[in-house]
Each structure stands twice: as structure tokens, then as C-alpha cells.
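Next, two complexes with chain A in common: one pairs it with chain B, the other with chain C.
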Partner chain A sequence: MRGSVAGLALWAVAVLLILGPLASFLVYGFFSVEANDIVYELTLANFADIAANSSYLTTFFRTLRLAFEVAATNLVLGYAVAYFIWLRSRLWQSILIVGLAIPLLMSYIIKIYAMRGILGTNGLLNRALIMLGVTDEPLTVLLFNLTAVRTTLVVVLLPFMVLPIFVALERISDTILSAAKDLGARESHIFFRVVLPLSLPGALVGAMFTFVLATGDFLAPELVGGIQGFTYGRLVFSQFGLAYNWPLGAAMSIILMIVALVVISVALRVGNPRYLK
Partner chain B sequence: MKPGRLRDILLGSTTVAVFVLLYLPILLVFVLSFFSMRRGRINWQSFSVDWYVRLFENEALGAALYKSLVVGLLAVAGATVFATLVALYVNSARASRLSKSIEYVIYLPFLLPPIITGLSLLIMFRELDVPRGLFTITVGHAVFVLAIVYRIILTRLKALSGTLVEAAHDLGASRLQTFRYIILPNLRTPLLTAGLLAFALSFDETMITLFLTGAEATLPVRLYAMMRVGFTPEINALVTLVLGFSIVLTIVVALTWRNTTGLEGHSSRSSGQ
Partner chain C sequence: MPSQDTVRTDSDALSGTGQARAPLLQIRSLEVRFGSETALQPIDLDVLDGEFLTIVGPSGSGKTTLLRVIAGFQVPSAGRIEFEGHDILNTPINARPFNTVFQDYALFPHMTVRGNVSFGLKVRGVKRNQIEEDVDRVLEIVGLLQLGNRYPAQLSGGQQQRTALARAMICQPRLILLDEPLAALDATMRQQMQSFLKSVQRKSGITFLFVTHDQSEAITMSDRICVLNTGAIMQIGEPRQLYYRPANRFVASFFGDSNLIEPCRVTEHAGRFARISTPVGQFEVQCDIPDRTQGLVLTVRPEAFVAAGDDHSNIIDFEVVAVNFVGSETVTRLRHASLPDIITMKSKSASGARPPAVGSQIRVGFDKDQCSLVPAAEHGS
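Coming up: the complex of A and B.
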């Protein structure tokens, strides 16, 4: 009896602070706006608007593609780094992992700001390119476009990718590896037939979370993307600022949420295949 | 032996490149907090701690920093209490399977894109007529960090052997006494780890906060606003200080974390700390 009272109290808080807000957000997507006032009547108008508006759709698919490219880049880079770290001694492993964690603690906004200092007309990258003789004039194509957004997201999300892959590699038991070796498998063989299949699920989970984070991000696109780097996250956020159309913003986020939920549930399934159970 | 060496060179150079990529922004901020830049070039003769001095005179940043600390502490306190209660509940035998599904609810704000968590809370606060301000930000942060605190505490609770609790009951301890003298001391390390980690998350949280902030800005929100109109260099000084602090914090977390995870084998030893 006491257990159920405690359970009810905990559920009440969870409903008030998590499920309630999520439910009201979902319902809001079906409201509409008239003369800056929200009309509390259910309608599919917002979704019809989104489907009919080619610039919304272009932005949506451009953002999905951007997020996919970021996730794929980070999967490759992250795997290489995680694998390298995994092959080191215990001491080096700890040092390198802490080394990856430290940039995570650096303010997100500041990292984006620093990326601006690197990619800008007078930035470090341009200086380096001029010094190397690659170009005579500073390149302006480095900042305030989608490439800048992509580069920035790759840099800020990379640590999130390396850590889960490293954990997946750590889980591979030494006995399996030495068994493969004893049976005469060559090193490349061990990697492609044992290590990669056992760690790829963990790596894909990391990539999918990177994808979800990249689709919803509006800070990096806003601060390094300029006009060309307009993404879906910015589109949603603008509905709560200047455009002031909360129901439309909520409807757009519902689409984002569906994408996120699909990707997350696939990630959970992929991350725990039968042969790893 | 040869392909192995080639592999190491390839992987090694990728790793070095990635670390350069990760640390270049940090290094730039650090250098610019001491040196000035002229036409895109760092002037190495211009060393000074001026920006640090000016930082302490910048009241707007000081106020934002203070608000970030207050929000972080309150959010972590709230989230920790709630997450611990949920973990105790889920870990107890009395809860039904259905009511244990509360743990999936707790994960939602962390798993969904922050834009959705922020948006949901914004809409609910509006409907409940709660004005945006420090209170709404604090609630947002507490909800956001809940998952991570819960996860850490639950892991420890599960590792805590049931015989310990049973022994306490057999020896006549009340439920409250068992909690106070058996469970709580065992949770000290994970509580500390979870609290520090949650605080770090809250301190940097920007996207949810942007939805929930009113006239009062936390540090990242303040920085975001400043960045759109152009930065003053004392930001570099502030960020360097915050980063130094964060590194110390990371090391503390890393050290306590080791104690938390390596628990099963020697639970009696770490519980005595």
C-alpha cells in the first residue's frame, strides 16, 4: 500500500514536468493562430502548410542530409580514434579519454564562437592557407554557409561519438581475441571478422544520437551558418521569436520528434543485436 | 609486422588531427585571453592580464554567472532528490512493472532533441500562466539532467547487494534506519559524481534555456546574446577561467567515477569512505 502511494507521488511529478508538457506540445501542433492569438481548435492546417511549402520542405531535407553527413563523418573519424585509443596501454587510454572529455566541458557557445575565429576571413585557417600558398586571398567560403555548420557540428559532436565506440571495443573480451589469434587468424582478419562486427552496433548507436543532436541543433547554424546555413532547427526556433507562430513551431517539432523517435528506436534495436545478448 | 605499423601511423595521425581539431578552438580562446589580435594576427608582444581585470568589473557577466550557479545548484538538488526516490522505488520489489516504466519517462527529456524539451516546457508554463524567469529555467534544467542522475544512482543501487539490506531488516532496523545507515552511505560517491556531472550539464545548457528564459539570462544565454552583436575580449578571460574550473571538476568526476564503477568486487571497502 505504501509502495503504491509513493509510486503515485512520483508519477504525479513525472506527469506534471515531463508527460504533461510533452502532451500539451503535441496538442499545440494541431492548434492555429489568428491575429497573434492562439485558436484552441484542433486542425491539421499546420501540417498542410508544411507539406505545401516548398521552402520548409527543402530546409527539412537539407537538414536531414546535413545531419547524416555529420553523423557519417563522425562515425569514420570517431571509429579511427576510438580504435587507436583502444590499442594503447591502460595509462594512455585514460589520458586520451580524459583528453576527449575536456572539450565537452567547454561551453558550447564558446566553441562555436571559436570556430568562427578559425573559419573567418581573418581566421586561423585562412592564415594557414595563405602561408602554405594554397590561396593568395583569404577565402570567404569558409564561414556563414552550410559547410561551416557541418564543420562546426563535426567538431562539437565528435567526443560524443568516440566514447560509445570505445566502450563497445572495451566490451570485447580478451578470450575471444586470443582464441582468434590461437586459431591462426591474421591481424586484419581479426579486425574485420571479430572486432568490427562486435563494435559496429555500439558505433551505429553513437552515430544515430549524433544524427538526432545535429538535426535539432539551432545554435551552431544560427551562429556560423549565416543566411545560407538556414536549417530546420532555426526554422522551428524562429516560430517562437519573430514569426510568433507557436502552433506551427510545435507542428514542425512534432515532425522532428517523429524523426528522432524512429532513429532512437532503430538505434536501440541495432545496438543490441541477438549475437551480443 | 609491416601492415600493423602502417595501421598505427594512419590511426595515429587521424587521432592527432582530431585532437588538434578539438583543442584548436580552446587554445585560441586561451591565447586571446592574454594576447591581443591585430588584423587577424596574434601580437605576441602584447601579453597582459587586462581582460581578467576587466572581467571582474563587468557586472552583466558577473550577474549571469551568478544566475547560472544558482540555477545549477537548485536544479541539481531537485533532480538528485527526485532521481534518488525514483531509483529507490524502481529498485524495490514492491513496484509493479507498469509503474516501473516511470524510468522511461525520465529518459525522454534527455533523449529527445533539446529543442523539443524546451518547447514542451515553454508551452506548459504558458498554459499554466507561469511567467518565464529563473524558476522556469531551473525546472527545465532539473528535468534535463534527471536521466543522467537517475542512471548513475540506479547502477549503484543494483550493485548494492540485497543481503546487506536484508541483514539490516533482520537485525531490527526500520526502513528509515536502513536507508539512513545502509543505503545512503553507499550512495555517497554516486551522488557526488551524478551531482557534478549534472551541474556541468546545467551550467552549459543553452537550447532549452533559450526557450525558458525571460528577462534574466544565465551565462550561456548571455554569451549567445553578446555573440550576435560582437564579443568583447573579456569573454576569453571568463571562458579560460571556467574551463580551468571545469578541468578540475572533470578530474574529480573521473576519480570518483572509478570508485563508482569498480564497485562490485570491493563494495565493502568503498562503502567505508
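Coming up: the complex of A and C.
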């Protein structure tokens, strides 16, 4: 009895604090706007508008591609970093993982401003390039375009990639590696036949979460993207600000959420491979 | 005077089988220290070609350390290991002609049974046809041919164990090292796997070096047993030899229920015959007599005690503490005022027999050749 009451209470909290607000917001996607006033009548007009608007669609697919590139880059970089950390001693592992996790505790905006400082006209990167004689004048291609958005997202989201891969590597037991060695495997065999296949599910899950975070992000494109770095997240953001079209913004959010849910459900399947069932 | 309290490492340990086998491994003065701690005192051990050798000892006795050194996972502090006359300590793990069956099996979870078993051949670049053929052959031996496409998580403990064995066997190693492979199994499955492992070893002729803490497992499975305690070899020999002719107190108490009567001293002796004085009386014994007369332990197996008539030369009067009928045999617990420990007697049950009453006195005897005399000090020099 007590168990079920506690269970109900937890459900009530979840519904009230998470699902309720979410639903009350998403339902706006089925309303419409007339002369700056919201019309509270259910309609699918917003979705029809989105489907018919080629610039919306272009932005949507450009953003998916951007997120895919970020996730793929981070998969490779994150795997390399996680593998490097995994090979270190216990002490160094702790130090490096904590070092990696510290940025997660920092404000997101501060991190993006830091990237802006690095990529800007008088930024760290330009100064370094000038000092090294690679260029005479500061490069302007580093900031306020899609590449800047991509670079920023890669840097900011890297910890989200490294941590799940490191956890997956940590779960590989020492005796399995010993067994591989004992059976005559060289280091390359052990990596490609044992370590990589056993850690890849974790890595792919990390990549998918990175993808989801990158598709929905609007702050990084807003701050380092300039006019060229226009993404779907900014499009949604503008509906709630300048355009003052909450229903359209909510409808766009619903589409984004569906993408996220699909990717996460795929991630859950990938992260729980057949051999574990 | 025969010095039976020294450890037998010589080949006369095999005299009982009448087979002279060549040593496959010769371990000499092998020593392992972790900082100031000695895991393995300098030990000498021969592993003979084709034998089932068990390393047995309590936890912390150094048995797993010894196995890890042979496999190549642990570098010894000193000493040599020769494989057919060649030093192999500098040979990397993946180049030693040995394979290990790990305690937790260490199967690759992302590979099927066939994938696991074929691993050793794949990394050696064996041709695919040959691999399939070999995998079939080995799976047939371990009885897993039908389960080749299952993943380890879908197998029972015994099946995982067989997979691990097949995976080790397929590389055709000269030596298979088994690190407490039965520890995780339940009692019934363990017994099945004991006879299974033994039969596979006999059929394949591969030398097995088996590590266990379970003395009964060691006795039932092995051709020879090496008893380790606190990093030193206590005795090496055939199961019967360790059971009936223990070299010291540790071995005597480690195998089976043993009744230890101490302190004893020799009052008179000639060859294998001696008269001894013990806290419970004067006895005549006919066994290996240690080269000392003091500080000895008389050990008598529970099954060597019989309800005595006056014709026995060795007689002790006990008080009955408990009588347990366990089917084919009856276990009687006995107490003597001069002994700190309870003495155990095991006798065959008979349908008409009336067990002695608890609290009653009982006269028990043992034959002079049904006991052994060992030094009390457990040294492995």
C-alpha cells in the first residue's frame, strides 16, 4: 500500500513539474495567431505552413546536417580522448576526468563567450596565427559563420561524448583483455576485435545525445553564428521573440522534439546490444 | 634414516603410476614478492607432460600468483621457468604455448560461442575453412555443437565453462592453466564438470595445471597435487600419497577430516616401525618416520578408527559426544580428556548395528599401518 502511494506521489511530481509544463507549452503548436493575438482553436495550420516554407525546411535540414557533423567529429575526437584517458593510471584517470567535467559545471553562455574570444578578430587563435606567420592580418572567417558554430559546438559538447565512452571502456573487464592476450591476440587485435566492439555502443549513444543537443541549440549559433550561422534553434527562438508567433514556434519545437525522441529511442536500442539480452 | 619430512619434489612421487613422463615445465627457485610481502617463496616444481597437476592451497597461499607467472601475467622477482628446456620468462603472453581458463570464464560478451572459440585461431590468421572445421571439432568435444550461435549471456554457468575450455583448447596449447574454474558453479554442476574436465584432459592428452582451494576437488581430479601454503610448497605427490602419507601437519590436516594427536615423541624405532608416546597412550606405528623424535603429530584418518577388541595394539578410550547417521556411513564424534580437539570416527553403517549412546565410553583402535607421523612444524624447505 505504502509503496503504491509513494509511486503515485512520484508520478504526480513528474506530471506536475515536467510533463505538465511541457504539454501546456506544446499545445500552443496547435493554436494560431491573428493580429498578434493567439487564437485558442485547435488547428494543424502551423505544420502546413512549415512544410510549405522552403526556407524553414532548408534551415531545418542544414541544422540536422550541422548536428550530424558535430556528432561525427565528436565521436572520433571523444573516442580518442576517452581511450587516451582509459590507458592512464587510476590517478591520472581521475585527474583527467575531473578536468573534463569541470566545464560541465560552468555556465553555457560563458563557455560560448570564451569560444568567441578565441575565434574573434583579436582572439587567441588569430594572434597565434599572426605570431606564427601563417597570416598577416586577422582572419575573419573564423567567426560568425556555420564553421564557427560547428567548432564551438564540438568544443562545448566534447565532455558529453568522452564521458559515456570512458564509462563503456571502464566496463570492459581486465580478465577479458587478459583472455584476449592469452589467446594470442596482439594489441591491434585486442583493440579492433574486443575493445572497439565492446565500447562502440556506448560511443554511439554518446554521439546521438550530442546530435540531439546540437540540433536544439540556439545560443551558440546566436552568439558565434552571425548571419550565415542561422539554425533551426534560432528560428524557433525568433518565433518567441521578434516574430511573436508562439504557436508557430511551439509547432517547430514539436518537430524538433520528435527528431530528438526518434534519435534517443534509436540510441537506447544501439546502447543495449543484442548480445546482452 | 629416511627423511620423510622434507618436501618431495623428486620424480619418485610418480612411482605409483609406473609411468615416467618428461617434464614439460621446469620451475626453479621461482620467487614473487610484492614490495616487502612474499607471495611466493623460492619454489621448484616440475609439470610433467600430459599430467593433470593440481595446485591446491588456502586463499593467500600463492597458487593464483604461480599460475599468473606461468601464464605470463605476472613477472617473477627471481627464478626461472623452462618450457621443454627453454627459458620462457621473456616470452610474451601471446607467444607462450599455454592457454588459460579464467575463474570468471572471461568470455567475450559480444561474440557467440563460435566467435569466442574461434578467436584464438582468427588472431593467428588461420584460414576460414580450417577455423570452421576446428571449431566444430572442439565444440563436439565439449558438447556445445548445438549452442554455437548463442551469446555468453544466454548460457548457463556450466555451458560458459565449456565454452571457455573449448576456446583454450582450440589453440592446441601444450598446457592449459585453469584458475579455480569451478568456483562459481553450484555443487551438482561442479561434480559434473569435475569428471568432464578430467575426461577431456585424458582424451586430449593436454597437460592441465589446475588451481583450486578445494581439497576434495584436488583429490578426485588430479594425477598429482602440489600443496601450497603461505607461498611455499608443502608437498607434491599423488592424491593417495598426500592422503595417506602427508609430509607435515599442514598437509595432514588439509586433506579430508584428519584426527591430529599431539605432541608425540618416538621412544624406539627401527626402519618404518616405531613406538611412540602420545597424550592418549603408547602406540606402535608402521609408517614413514620423520628424522626427529620430538615435536611430532600422529594423524589417524576417521575411517581408520574401528570399535576395538583387545587384539588391537593401539587402543584409546573415548567418550561419545555425538553420533550422526549419514546413510552409508555413521560419523561418531569422540572426546578425550587429554586432547583439545574432538576426534572423528567414520564407520560403515550396517542395518543391524546399534550406535553407541551419547555420553557412553567407547574403546577405539587403529592398526599400526593406518596412521602417519609428521613433524608439527609446517616448513616447506
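Here is the rule we use: the second predicted complex is superposed on the first by the 263 of 277 C-alpha atoms of A that agree within 3 Å, B and C clash if a C-alpha of one lies under 4 Å from a C-alpha of the other, contacts with A are read in each partner's own complex, and residues count from 1 in each chain.
Note that contacts are C-beta pairs under 8 Å (C-beta built on N, C-alpha and C of every residue); 3 or more make two chains touch, one makes a residue touch a chain.
Here the structure is a predicted model, which is why all the values come from computation and not from measurement.
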item: Clash-or-fit label for the pair chain B, chain C on chain A; value: fit
item: Chain B versus chain C as contact partner of A:His189, first or second or both or neither; value: second
item: First (chain B), second (chain C), both or neither touched by A:Leu248; value: neither
item: Partner chain(s) touched by A:Ala71 [first = chain B, second = chain C, both, neither]; value: neither
item: Partner chain in contact with A:Leu142 - chain B first, chain C second, else both or neither; value: neither
item: Which of chain B and chain C A:Pro197 touches, first, second, both or neither; value: second
item: Larger contact residue set on chain A - chain B or chain C; value: B
item: Touching partner for A:Lys181 - first (chain B), second (chain C), both, neither; value: second
item: Contacts of A:Pro21 with chain B and chain C, given as first, second, both or neither; value: first
item: Which superposed partner A:Leu169 touches (first chain B, second chain C, both, neither); value: neither
item: Three-chain overlay, closest Cα atoms of chain B and chain C, distance in Å; value: 11
item: Common interface residues of chain A - those touching chain B in one complex and chain C in the other; value: none
item: Footprint of chain C on chain A - complex, ascending; value: 173, 175-176, 178-186, 189, 193-194, 197-198, 273-277
item: Residues of chain A touching chain B in the complex; value: 3-4, 6-7, 10-11, 13-14, 17-22, 24-25, 28, 77, 80-81, 83-85, 87, 94, 96, 98-103, 105-115, 117-118, 120-124, 126-127, 154-155, 158-159, 162, 187-188, 212-213, 215-219, 223, 233, 236-237, 240, 246, 249-250, 253, 256-257, 260-261, 264
item: Touching residues on chain C, where the partner in the complex is chain A; value: 71-73, 93-95, 98-100, 102-104, 106-112, 119-120, 122-124, 151-153, 167-168, 171
item: Interfacial residue positions of chain B with respect to chain A in the complex; value: 3-4, 7-8, 10-12, 14-15, 18-19, 21-26, 28-29, 32, 39-41, 82, 85-86, 89, 92, 94-96, 99, 102, 105-106, 108-109, 111-116, 119-124, 127, 139, 142-143, 200, 204, 206-207, 210-211, 219-220, 223-224, 227-228, 231, 235, 239, 242-243, 246-247, 249-251, 254
